[in-house]
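Two complexes follow with chain A in common, the first pairing it with chain B and the second with chain C.
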Partner chain A sequence: MEKHIDRIIAKIVITLISIYLAAPIVATIMYSFAKSWVNTILPDGWTFEWYLQLITNSDFLSALARSIILGFVTTIIAMCCFLPVVFYANVYDESIKAKLRFITVLPFTIPGIVLVTGLVRVYANLPVPQMLVLLLAISLLSLPVTYQALDNAFIAHDFRAMFEQALILGDSPIKAFVKVVIPNIRVGMFIAMLLTFTNAFGEYVLTNIILGGNYETLKIYMYRLMQSNGQASSVLTTVYFFFLAIISIIMIAIMKWQGSKKAEEVEDTKKL
Partner chain B sequence: MSSISLEVKDLAINLSGNQVIKDMNFKIKKNTLTTFLGPSGSGKTTVLRAIAGLNQKIAGKILLDDTEIQNLAANQRNIGMIFQSYALFPNLSVFENVAYGLRVRKEPKATIKEKVDAILKTVNLQDKEQSYPENLSGGQKQRVAIARAMVLEPKILLLDEPLSALDAKIRIELRNQIREYQQRLGITMLFVTHDQAEAMAISDEIIVMDNGKVQQQGSPLEIYTHPQNIFIAKFIGNHNILDAAQLRSLGVELAENDKSNFIIRPELFQISITGDSSDYMAVSGKVKNISILGDRFEYRFITENGLELKVEFLNQQQAFMIETAITFYVKKDNIERVGI
Partner chain C sequence: MSTRLKIFLPFGLLILSVLVIPVCVMLISSLQNMDGGLSFSNYHQIFFSRYYRGAIYNSISISLITSVVSLVVSMVGAWGLTKLSLSTKNILITVFNMSSSFAGVPLAFSLIILFGNAGVFKAITSTLHIHDALNIYSVTGMTFAYTFFEIPLGIMFFFPVLDSLSKEWFEVSDVLGASKTFLIGKVIFPIILPNIVEVFVLLFANAMGTYETAYALMGNNLVSIPTVIGSLINGELIANVPLACAFATLFTVIMTIIVWLGNRVTNIKGRRIS
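For the complex of A and B:
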């Protein structure tokens, strides 16, 4: 009987929390489709007008393009910087992994504003383009997620032996890396790239302070829009929400696929 | 043409400031299977990696078919290597794994197909060429690794403990398979293991290593019957090791200043003598313990003066019971003098 009551209480609590979390999202989505929603429980009618307005707005399209460029370039920089390091740590010198782990949590412990102030002061008098400073800073901020995703990719196989085997079979180190290592960590790399991309795509603090109005990304545009047009801003929020949801679904699907593949491998091995 | 495939001269290797290999010298004959045998940390794999070119910070010379190779990169040595994990490329099919080195050499497609098909047939994997490594058994993986190495016709094939992760029954099956391919294809193989039985079973020659040095090189029988020092005697077999005083206490006459150590192999004890009794050392005592090893019995035997000896007999007769009083005999010629 007591157990039954506990279960009911747990269900009520979970339902309330779910409603609390889902209500703003549902309201924002509804608001983005509402013709008008003032002093009524539900909107007066539904429309796609705000969406049409948004996708034909040149400011929005420019901001979207900037965010995508920022995301892509940051992802490329992060991969070029971190992938060789993670490879080296996993294949040749596991002892540096503890130090790497410490470094990767630093972006969590240093607040963005402190990082930006430091970067601006260091590079203010140097002939380094502000855009480059921003790209490197965002790449660094994505380090915790990028490192973890890449590091996990190296667990599955004996990469040292595979890499050295490719050398013995006649390949150069770079070709061996490209032909043997990369194809076998592609799933982990893809997840790391998605995480780095979404991190950079949604970045606000660094971009706003370092480049400010000179480089209006989607997030900065979103904040500007919130102050002038609530409905357009809810449309943008909805679009942004679904964009992130799709990326999350892709990642979950990949992880599930990997899990089922591993289970199949275990079954196959048992059969042999 | 020289009968020596590989020669290592004055090899020394430093790792992280420690000299792990010291003035090592040995030769390996063509078309033989030679085993590096030694405990963990003795430097076996380090030497193998140096031969393969995976560790180039070395002093000394490595000659392959009379040509110095110590300064060549791994991809220029024409040496095959099989790793403990086999290191098959999971993203490539069996065919593509085997064809990998041929593609690197930019051989024509028709030649690649012909060579890969032929070697897969040799290792009985022609029906698995489209399979991926994840779908192969341990034995099949090993055969793919051998085929991948052999298709390039390397001058020598190095095997770095390829059986150590497997259970006992499969190990025996696969080690026999390796030996069969070595003999059938006429390959020079250098095989690393820490398992004495494995080394004895498949080798033409064994190089016993310890502490970064070659302790002894010879045929399995030679190493087993005439170990050069106590380390080898302890490592290679289950020998009884006695000092001069202990042997004297069993009635063997030795010079007073003789400080040597001696070994007596447990299987050389007899329960009766044939011929002249003065040729034998008789040891009386009691059976303390018996281990049944399937094909033979191993006894722990306490002599009348308190020495413990190991004695083995084939499982052909009723075993002696514990506390049985008995006299064993061993031919004095079979008591082997060893260095320290």
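For the complex of A and C:
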């Protein structure tokens, strides 16, 4: 009986928190479809006009393209830098992991605004492409997320045996890594890439300060719209929200699929 | 050795070029005045200017209140989450994860629609003739705004802790006839206390470092450590990078100490239990 009451209270609590957190998002979505919504409880009417306006706007399309490029390149850099290290730490030397733990608190002790101060001080007057500085810095900022996701990918299999067998059979280390290790961590790697991409796609602080108005990404464009056109900005925010939602749905689907696969494996071993 | 080098080279170069060198240069240049000479004038300026002291005070008070409130709410939320079925849990965790990445410009804009001067909340309160005390463009408003990403973050930190509590403890205490308050007060609370400290530290640090949401809501009108740093780097009139470096160094030193202390508390407690 008491357990039953507990569950009901739990459900109420979660519902209340979810409503609280969802309220701003719901209001933005409604605003994006509203004809006008000033000083009234509900909008005056509904329209798709703002969506058409945004989608056909060339500023929007180029900002979107810039954010996607930023996301892709950052993901590639992050994978090249972190994947070998996480592999090595998991397979050959677990003690490195303790040393790498500083990574997880990095965003808390050195947040973007602090990091950018140092970056501006060092690189602003050097003949280095600022774009390169930005890409590397975003890769670093995404490190905690990427690291965690990649680390999870290495649970379960005996990668050392696999890797060394491939080496004995005559593959070069890189070939062995690509042919034997990567196929076994592809799901975890995909999640790590997805998270890194999302991180870089939505980056604002570094991009705004290092490149300023010279490279208008989606977030910077969103901020500019926010100052001038509320309706268009709400559409953009809604689009951005759905982008995040789609990525989340993909991740839920992957986790479910993996969960069911694991359950099947357990069933199989039981049968044996 | 050469394979090891190959493995660590890209990672090492990245850490060196965009973390170690900038942080070191930041440290050194915080001790330089505008002419390049070595002095403590930047720190002197921070501590003896009323404006900059105000920034520190605002940052700390906003972060303290928002992280305490979010800590309590997220603890209850994480507890609620452990009671739900597995599939609902997974979905909700992903949703909370998403809402914490909604922080920044989109969140600021959403809050303006809800609580801004022409927003929904104002419309409701004026129709009902209630005096609306919430001004989103203020220190109080900012404290309120931060909860929208601090709560989901807190839930994500707490959930694994509460979920890993042994079910047997609940059964044993049930069988032995202990009351629920006894179980929570004498067993559960002492066990998770270090985790509470740890999550609090992370939430506090996260709020202290928040720039995007604050800047998007109030521009440079809010005087907090991150926005002051931002305007010192970026501002056309008052650009003073060495001073920004001093602020950033101060921030990093304080946060490193706090996070380190938080970790120590967790480690000591953790060892005692095991």
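Simple rule for what comes next: the second predicted complex is superposed on the first by the 249 of 272 C-alpha atoms of A that agree within 3 Å, B and C clash if a C-alpha of one lies under 4 Å from a C-alpha of the other, contacts with A are read in each partner's own complex, and residues count from 1 in each chain.
The working rule: a contact is a pair of C-beta atoms (placed from the backbone, for glycine too) under 8 Å apart; a residue touches a chain by one contact, two chains touch by 3 or more.
Predicted, not measured: the structure shown is a model, and the values here were computed from it.
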Joint occupancy of chain A by chain B and chain C, clash or fit: fit
Touching partner for A:Y223 - first (chain B), second (chain C), both, neither: second
First (chain B), second (chain C), both or neither touched by A:W46: neither
Apex chain A: angle to the C-alpha centres of chain B and chain C, given in degrees as a multiple of 10: 100
Touched partner set for A:I168, first chain B, second chain C, both or neither: first
Which of chain B and chain C A:Y88 touches, first, second, both or neither: second
Touching partner for A:A27 - first (chain B), second (chain C), both, neither: second
Residues of chain A touched, compared between chain B and chain C (which is higher): C
Touched partner set for A:V180, first chain B, second chain C, both or neither: first
Chain C versus chain B - closest C-alpha approach in the superposed model, Å: 11
Overlap of the chain B and chain C footprints on chain A, listed as residue numbers: none
Contact set on chain A toward chain B in their complex: 157-158, 161-162, 164-172, 175, 180, 183-184, 265, 268-269, 272
Footprint of chain C on chain A - complex, ascending: 6-7, 9-11, 13-14, 17-18, 20-25, 27-28, 31, 37-41, 77, 80-82, 84-85, 87-88, 105, 107-123, 133, 136-137, 139-140, 173, 198-199, 202, 204-205, 209, 212, 219, 222-223, 226, 230, 233-234, 237, 240-241, 244-245, 247-248, 251-252, 255-256, 259
Chain A partner contacts - residues on chain B that touch it in the complex: 52-54, 73-75, 77, 79-81, 83-91, 100-101, 104-105, 134-137, 140, 148, 152
Touch list for chain C against partner chain A, complex: 3-4, 6-8, 10-11, 14-15, 17-19, 21-23, 25-26, 29, 73, 76-77, 79-84, 87, 90-92, 94-99, 101-102, 104-114, 118, 120, 122-124, 126-127, 148, 151-152, 155, 201-202, 205-206, 208-212, 216, 226, 229-230, 233-234, 241, 244-245, 247-248, 251-252, 255-256, 259, 263
